[in-house]
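Pasting the structures in now, so scroll down.
Consider the two complexes below, in which subunit A is the common component and subunit B and subunit C are the respective partners.
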Partner chain A sequence: MDEITTAVRDYIIREYLPEGDDRQITEKTPLISSGIVDSFSMVSLLRFLEKKYSIHIPDEAATPEAFDTVERIATLVQRFQKAEVGSV
Partner chain B sequence: MAFSDSFRHCYQTDIEGIKAAGLFKEERYIHSPQSAEIEVEFPAGSAVRKCINICSNNYLGLSSHPEVIAAAHAGLDARGYGMSSVRFICGTQDMHRELENRLTQFLGTEDTLLFPSCMDANAGFFEACLNERDVMIADRLVHASMVDGMRLCKAMQDTYKHSDMGHLEEKLQEHQDKRFRMIITDGVFSMDGDTAKLADIVTLAEKYNAMVFVDDSHATGFIGTTGRGTHEHCGVFGKIDVITTTLGKALGGASGGCVSGRRELVEMCRQRARPYLFSNAVAPVIVAGALKVLDLISASTDRRDKLEWNAKYWRGLLKQAGFDVKEGDTPIVPVMLYDAKLAQDIAHDLFDEGVYAIGFFFPVVPKGQARIRTQLSAAHEKHHLDTALEAFRKVGKKHGILGLGRKELMARCAA
Partner chain C sequence: MSAPPSYEQLSANFSWSVAERQLGYRPGAPINIGWMCSDRICQLGMSRKLALLWEDYQGNQKRFTYDDLRTLSNTVAHFLTLQEILPGERVCLFMDRVPDLYIGFLGILKMGAVAQPLFSAFGDESLFVRLADAKTSAIITQKKHLYKVRKIRSQLPDLRHVVVVDADQASLQPDEIAFQMEKTPRIEFFAVYPTTAESPSVLHYTSGTTGLPKGAQHVHYSIVSQYLTAKWVLDLRPDDIYWCNADPGWVTGTSYGIIGPWANGVTQAVLDSGFNAGHWYEFIEKYRVTVWYSAPTAIRLLMKEGAEIVRKHDVSSLRHLASVGEPLNHEAVLWSEEVFGKPFHDTFWQTETGCIVITNFPGMPVKPGSMGKPFPGIIATVLDPKTYEPVDHPGVAGLIALRPGWPSQIRGYWNNQAGFQARFKNGWYLCGDRASIDPDGYFWFMGRDDDVINTGGHLVGPFEVESALLGCPAVAESAAVAKPDPINMEVVKAYVTLKRGFQASDDLELEIMNHIRKRLSPLAMPQEIEFVDALPKTRSGKIVRRVLRCKEFHEPVGDLSTIMDD
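Moving on to the complex of A and B:
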């Protein structure tokens, strides 16, 4: 979980915060509801997660609520990692 | 009755929710032609009052220009009111093609296709020209019409940080496995009034074999020394693969838009773009007016020169008065307030002082970035701007925001 949290947080800082933006992103920082990530730009985050963790997150699971904090995203990744293992 | 009480209740709850969130939009009824000074009824039912309009897209002041009106009248008499058809059935008059050719010449492209609006051009283009083997890489602040158009297209979507060329380059590298890459940007960004770095974008497009798509709706007619648009301003005239733009802003302000660019891409739109295929042809009266607009702006740069002067003067006045103004050199001059309620209150107070301006806040702009977007017009005279400034100064003083910078204003809205 820690590894996922760190990787997701690093990606969000790199991918979404503009140059010079010194906002701190914690596990609980709202991402979608604060406007850091919006539904238009969320696609790259989804693709990053699917590629890095070799999982498929269906559209119905990729909701703004599920993507609203690093903590929730990490939980979502774990859920689909287990699903992938279960399907082998 | 199909519209049951439960349907009604559900929608009423949604509408109340919009109101509670402070996002409810109300129309203001204008009783005069569009201009620098207009007569407004607001709220509905109240007495009509004169005010200075500082929020229209009437950049060149041509919305009510007598020569444009006369040309529109002549077009109405000569070719009738409506086409009662889409273009490819029996809705194309010779003047539609004439306007397309004139726009091609003006924009420095290979061909042009008219659409009912630029919203329709953006909604239809991507699906018509790209597929699942391709990728669309868009600036994160592009207009909503392009976001909608991209959502209708099967090509992969990606975004880059606003005007961040390093990030765009990373994305272009990442997507080298795709058949086609298309970089998508506004020419002038409608909410911030800044200009895309088109010269850098074209360089990257050449380096990574990508096409460039620019929505130049907030630039056509006045950005660049002869008003051709952002590509002229950035020194890449003739190098943009697709330009979409509108007749609904500087070019007379009625309605209509177009896709203008590489011949084959325009032809693909003629064959496949659904808003073109399934929506009526632009009315002859608008085509005739737009042709006159092109005559006027091709013959003289006086209007775009005056607009440039007005924008510079207005920006200077606001800064001098102590407002936090976003940097830029276009006629879109955002006065930053950061807080949505403050933006609404100030817009309301400005109206009481005889200035029509609108507050913009989330979701139209990012959270914590609320503002009053002021827009200049060549129809503004110096006295309009001086009078409007007095109203801004008075309202700004009332709210105690004059002289406050970004940090102080943000701290104020956090408190």
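Moving on to the complex of A and C:
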């Protein structure tokens, strides 16, 4: 879980946080409601997660609520990692 | 209490002079939107009335009365005058939905300059083309967006001033100015510039099929339409708490997120936050929102979150619901009736119309999925695409067309009158959309008539996306087209051929997506990239997007005789 949290947080800081924006991104920082990630950019974040963790997150699970913090994203990834394992 | 006038009663013998009288405007006299939305409301005895209830995603709150609007907009106007900004010059507002944006808008208009609001999520390239085209003199922004301005400033010789609303001077570069509106001594009296009906007011950029975005030039007289449509269509009443979801970077956010409600002296609530269903319902409950103007994409996202979350909140204050940006599907109308006890009323208009032109009028039976009927005083029809004559059979598709001449119609595209004139045929203004009209006179949207992509209610020009795609080292050629989407109606899809030496991969797809998101904006980012060996072209080498769009929509491609054989 910690590895996922760190990887997601680092990716968001690198790809989504504006240059010069010195906000600290913690596990609980709102991402969608703060505007750091919006419903359109969620798609590229989703692609990143699916690729990095070799999982498929269905549309109905990829809601703005589920993407609103690093913590929730990590939980989502973990849930679908288990689903992938279970389906083998 | 007597029933409000019906659509038919208001349509009979309609004249825009109704609005002129209510606004106290005499034809030929000065008219200034900034003054109309602040000083005039104070003169009507509403100085202490709340004009703006503001909250951000962290729960920080601010409240402004109409007298605050008046004095703070004076303060902005005075500051800009001191910077030697001249009437008619373009001043860009590049901010999130903070009070400085809303009040700054009025201040710019009060000193006679032209407000150029731009969506703060725009990347540096989107920002650059719009500032360069408008020869913008000043930009007012926040510290968080300053890095985009700094990247492009050296290429913008007309941009004399960069103003930052939330920074101290010590933290800025020498050629940047700190201006913290609320910390600056308020200006009680400011001599409002005597703009007249045809004086330029707002410059909104909108995307077309060809070329870069076009600056839609509005004038101060637009307030006549915006005031009356806000009153009649959004059904704004003196005691309302009104919430418009739109960002003032887009026309809905200025026509109905600033001008319409404040010209009516209504209290409006603004939530500076991204989408969060729970937070949105809390906001409605907390501020007792009565009129809510939203968008189909947001409504569909709310539907996705379910009805249970609505029941956890008291949203009984809601009296009237309306929607804009793209067609509102009938499922969304039925859902809102189920969970809110009332339907969302679809409204149709665009940047160029400046105000709602076709709508489901309050009190008129809502046909779920329909656009409604023309606003009183708006003559609308659908035209045969070959003859440009009105289609005289109900249910037959045609091009949506309006008879020119309503107050808020744009007066042209900035530096592009030829492009503006091309929008007219046979004395009709063509909206660029297709629809049919049923026997009861209701319009039914059918789709765009061009290659522009309507995603989440915002228009994205394929040319702009394709140009940015060519900035990716791997991309040889590209075509951006609309792809159907259950939430956003359409999203951007890119077809790409690669340069020699590059291989298609998931990594490359993500790299290209992120490139466009940062350079243009998240909504212009292709949600899917398909790598192909070749793009369909005419014999003269022009890429034919139509073929790719039809493929996405599973529609027949039609005549392919001009396409290259290979």
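Convention: the second predicted complex is superposed on the first by the 88 of 88 C-alpha atoms of A that agree within 3 Å, B and C clash if a C-alpha of one lies under 4 Å from a C-alpha of the other, contacts with A are read in each partner's own complex, and residues count from 1 in each chain.
Going forward, a residue touches a chain if its C-beta (ideal position, glycine included) is under 8 Å from a C-beta of that chain, and two chains touch if they have at least 3 such contacts.
Since the model is a prediction, treat every value here as computed from it, not as a measurement.
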{"item": "Subunit C versus subunit B on the shared subunit A, clash or fit after superposition", "value": "clash"}
{"item": "Partner chain(s) touched by A:40 [first = subunit B, second = subunit C, both, neither]", "value": "both"}
{"item": "More subunit A residues in contact - subunit B or subunit C", "value": "C"}
{"item": "Which superposed partner A:65 touches (first subunit B, second subunit C, both, neither)", "value": "second"}
{"item": "A:32 touches, of subunit B and subunit C: first, second, both or neither?", "value": "second"}
{"item": "First (subunit B), second (subunit C), both or neither touched by A:20", "value": "second"}
{"item": "Among 4-12, 94-102, 364-372 or 436-444 on subunit C, the segment whose C-alpha atoms clash with subunit B after superposition", "value": "94-102"}
{"item": "Where subunit A meets both subunit C and subunit B, residue numbers", "value": "18-19, 34-35, 38, 40-41, 43-44, 47"}
{"item": "Sites on subunit B touched by subunit A in the complex", "value": "138, 140, 147, 157-159, 161-162, 164, 362, 366-368"}
{"item": "Residue numbers on subunit C that touch subunit A, as the complex places them", "value": "57-58, 96, 121, 143-148, 273-279, 297, 301, 304-305, 455-456, 486-488, 491, 506-507, 509-510, 513-514, 517, 522-523, 525, 527"}
{"item": "Of subunit A, residues touching subunit C in the complex", "value": "15, 18-21, 30, 32-35, 37-41, 43-44, 47-48, 51, 59-60, 63-65, 68"}
{"item": "Residues of subunit A touching subunit B in the complex", "value": "16, 18-19, 34-35, 38, 40-41, 43-44, 47"}
